[in-house]
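Before anything else, here is the set of structures, which you'll find just below.
Two complexes, one shared chain (chain A), two partners (chain B, chain C).
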Partner chain A sequence: MARTAEPRRGPGLRRAMGGVHAWSGLIAAWLVFAIFLTGTVSFFKDTLSLWMQPELPRATSPLEAPELVARWVALLEARAPEAASWTISLPSEREPVSTALWRGAEGIERLAVDPEDMSPVTARATRGGDFFYRFHFQLHYLPVIAARWLVGAAAMLMLIALISGVILHKKILRDFFTFRGGKGPRSWLDAHNAFSVLGLPFHLMITYTGLVTLMTLYMPWGLEAAFPEPETRRQAVSELHDFPRVGRAAGVAAPLVEVAGLVADAERDWGRGGVARVRIEHAGDAAARVILWRAPGGRLNDQGPRRVFDGVTGRRQDTGEAPGADALTHGVMVGLHAGRFADWSLRWLYAGLGLAGCGMIATGLVLWTAKRRLKPRPPGGLAWVERLNVAILAGLPVAMAAYLWANRLLPVGLPGRADWEVHAVFLVWLAMLVHASLRPVARAWREQLWLGSLLLALVPPLNALTTEHGPLASLLDGDGQRLGVDLSCWALAALLAAIARRLPASRLATHRRARKKAIAS
Partner chain B sequence: MRLLPSTSARRLGLRLIAAGPGGYGLATLFSLAALALPLPTLAAARIGMLGSFAVFAAAVIGVFAARDVGRAWAGLALAALPLALGAWHGTHG
Partner chain C sequence: MMGWVTPSLCLAGFLGLALGGRRVRRRIGVTLASRAELGCRVVGVALLVLAAGVAIGHRGGGVGLVAWCGHLSLGAGLVYLGVIRRERSLSPEAAPP
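Right after this comes the complex of A and B.
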């Protein structure tokens, strides 16, 4: 890479970019694959949480939002009068229960109710889809900030791999329509190109906006210079994320405004179901404040709009002005990343492109090894790269399927149940690493892919045996959310099986064939 | 025993330092220079942060696209100069 005085235009530049692409790709790819796969699943995190809590009611005819909020206020005034703030989530298609959060004496407390009659809902302890969501930016078992830095470094390398990959390609469009099957590295290269070009704008967008979601961590220096005081800086960060901080109580009693009326007003402007969340701060205090957040439906900007009211007089406190260009850009970037605005069809497009990203990374990693395997003297660590490829690319789907199994098989009353579901993921993943280190590589690939396919294919029957929400019951019940998870398991099982079937029985067979062809031509 | 790494390894090391710490440094300068924009402070800081990753990525690509390691560092310094001026204005202005 460091050859001197070599003209970098034309082939020289492409060679340099080839080095950058191969190495930044290799270093980041395993972690980025895990981030992409768990991140893709996170587009459905609420739906997955619903599936993982079969006890939750479907609440097809919830109370009207103002009525529901009025009942919440009565309940919380009795239950948590001292809490600095209550945050009430109103039900939606994807989250059919209504929940409230507040900080109690023992940390954050949470209460979920059936929005049809306010009866409390209890469900098995699980992290649900939230586990995948959190993993995709802060991993697990690691200090949160350190893990976020790791994820950020991987994302930055991914961004560089994407840009250098584009420069590397002279004829990016022609490559997209080329597929040469059954030819060792050539075929992997064609597959890699197809996945990459297909989703290139998405891959660039999702990687860059991912960095943006944590930019105050990765690039804090401008904020530190502009707001040297910690207190004003905290205020700036809260404004930056458009997340108002809870203020101080005045210590003077004053009755809380009728929040239901504010919700009803907002619903008149935003439509029925337009209010997603209500935060009530210092209820019963003169400094009370009420904030209503609008549901994201169909709007790209993930930040705002919201309404802020004086919690005693009900007077509007925010100006209701449109955000500035900078805030709008930021909000749209975050919105594009999270995809909360997306309706079902767009959400599936996101999922498809996310999977294409996984395919791009996986084929890139396999290509990296296939190319080097062809050399007369393959480099020393190559065998370990190949084994890690198996353990991560095929092993992670197995471990993720094990999460759903653990959810259905662990006893509901098990202490630390939610944690054990997560431990199951990593124990199975570790087992896949051990398996990949012991078995011949080509067999390890097929065995793990088939295992993943089998585990996923059996999730719906397991679901039917252990709950009342099997796929047939969900179909008859019109429960598209839970049915969707079962059907997706089958679709992914078919995908893994299709990949397993296409892999050669042994590595030597293809490489011998490919080498013979290389020599012949 | 050779105490210094070979020439090509040293050149690669210098390029990696230019790309990693050098690129991050350039991105930091950009985020500080943005404070000099005639905008409310928070908006300027936000623009600096939003754009910094693009600057970082461009710096890395530029460092490896350069014909030799000397040019890579020279290019980095050339880009840093106006940004450093802007950063000085942004933080002292």
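Right after this comes the complex of A and C.
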């Protein structure tokens, strides 16, 4: 009896997810790689800023917070009496100087002092680690809002790629420890799976919370419905981001409360070093207000408790109650993303998992091209995907290393110095794109990886030659933060060199190697 | 001192889970009875759960869970690298040239 033919099944969920995963990943991957890499460096943005400003002192015994704030108030009353508000940042383990910001006649003004003796500190103009931090969510040279939309779209595609990747990977636990080396696309797939699965909780968390941090931009409709008036909406957004708007002055003179006493009271409850920031609004006016923010150490909620006082009577204006569930959820999401609560060991875990994310994206991109290269008729445009892979995956680390070189080599007095450091990044990155377009792909990979390795390896010697904070000096001085940057440069140089060594010198070499293996087996 | 306990438990837990897998054992040249295989898996999972308890007890509910997740990835990554290294030491031809 003839067997009845079974009806053909349509493409299953997994097969459908394969297409979604490959294309959502490919479209977003170059941008997401840049976001992941610069975001990973941002976990150390304060440390990097310190390294990039070798003129900054290393305060070993700063003044007590109440004394420091009292001196700041006296200084700012003389220097910026007309400013609507002063925001004073107190020194911490990561930020050795104390700074104040206010809006003056020429825009936002900033003053940094040595917290040991309040002497002004002048350091070279640089964006420091803040450049990478800003780049990872608003890029550069683009209108800020448009760039944030672009980053949001890439993050959403990344989230889709992650979820479809989990559905696609049917033997996620069985294949957990599998790696088959030297087998072309199969090896790239195993490496991609390893980077993805090992850091999966982190990859999902960092992508989702990244979208949440800019949720009022991406999904403004709920806020618009709840707060139809623009002014109340702005107020709500300010509250959500834990940055209350400065109110209006009363125009009636009144003496400012003793702010040092408020800080001392807060430190009794929050512990020494518990106050991170102090904002004083309309000092000397009847509508004066003082806000103290608690340092985030050890708490997930990034928008930690704050105390609000009447700036004349010193009476508490906030209720002192815990934030609502919405503010708490938002604060924890932002806290999880930024990792400001993390001590040094957790920060290194964050950084390691961030690098694993970069590895996941990089191996995914290489796998995409390696699979298609094996086809009898490789798709058109594949060569350009390969060249873009080189320029972004290998070229970006070169450009980032160039940022550190520019910081040490550009003259301190150069007009627009901070901008030129950033221009150096993009000029070098453009050069890497041109290089990748002109050289054979296999050689371009190796040359750019070796160049990145060389530039990073020479950063600490360059630092020693141009400043007094070389690795040896930092070691002898017990300056772990600056030493950490130098050692990280060496570690990353070794990583890039190890990758470059494993890559074949040419496509011909890959074929020869495959043939040799076939003969041997 | 307490900071090392969670990563060590995670490492030991994943080692147990790796030894509980037939494919991994074959690759690293380890033979186990089927009862021992189940034991490895049970002990592996128990150690990971214990690591969660230690992390939460040490750092609190929120940060403890974050630290535990990070240490899970670290432990799994180290075992992954260890398996590759062991496999290559057993059969050098498995290593890429």
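Points worth noting:
The definition used in the following text is that the second predicted complex is superposed on the first by the 496 of 521 C-alpha atoms of A that agree within 3 Å, B and C clash if a C-alpha of one lies under 4 Å from a C-alpha of the other, contacts with A are read in each partner's own complex, and residues count from 1 in each chain.
The criterion applied here is as follows: a residue touches a chain if its C-beta (ideal position, glycine included) is under 8 Å from a C-beta of that chain, and two chains touch if they have at least 3 such contacts.
For clarity, every value in this text was computed on a predicted model and none was experimentally measured.
Of the two partner chains, chain C is the only one touched by A:502; chain B is not. Chain A has more of its residues touched by B than by the other of chain B and chain C. In the superposition on chain A, A:194 contacts chain C only, with no contact to chain B.
Look at A:243: by the touch rule set out above, it reaches neither chain B nor chain C. By the touch criterion stated above, A:344 is placed in contact with neither chain B nor chain C.
In the superposed pair of complexes, A:352 makes contact with chain C only, with no contact to chain B. Looking at the shared chain after the overlay, A:202 reaches chain C, while chain B stays out of its contact range.
Contact with chain C, but none with chain B, is seen for A:300 once the two complexes are overlaid on the shared chain. By the touch criterion stated above, A:336 is placed in contact with chain C alone, chain B being left untouched. Using the contact criterion defined above for the overlaid structures, shared-chain residue A:167 touches chain B, although it does not reach chain C.
By the touch criterion given at the top, residues 174, 176-179, 181-182, 187, 194, 197-199, 201-202, 205, 298-300, 332, 336, 341-342, 345-346, 349-350, 352-353, 356, 502, 513, 516, 520 of chain A touch chain C in their complex. Residues of chain B touching chain A in their complex: 8-9, 11-12, 15, 27-28, 31-32, 34-35, 39-50, 52-54, 56-57, 60-61, 64-69, 90-91.
Chain A meets chain B in the complex at residues 1-8, 12-13, 16-17, 19-20, 156, 159-160, 163-164, 167, 208, 211-212, 215-216, 218-219, 221-223, 225-227, 236, 239-240, 324-327, 329-330, 333. Per the touch definition, chain C reaches chain A in the complex via residues 3, 17-18, 21, 23-24, 59-60, 62-63, 66-67, 69-74, 76-77, 79-80, 83-84, 88, 93-97.
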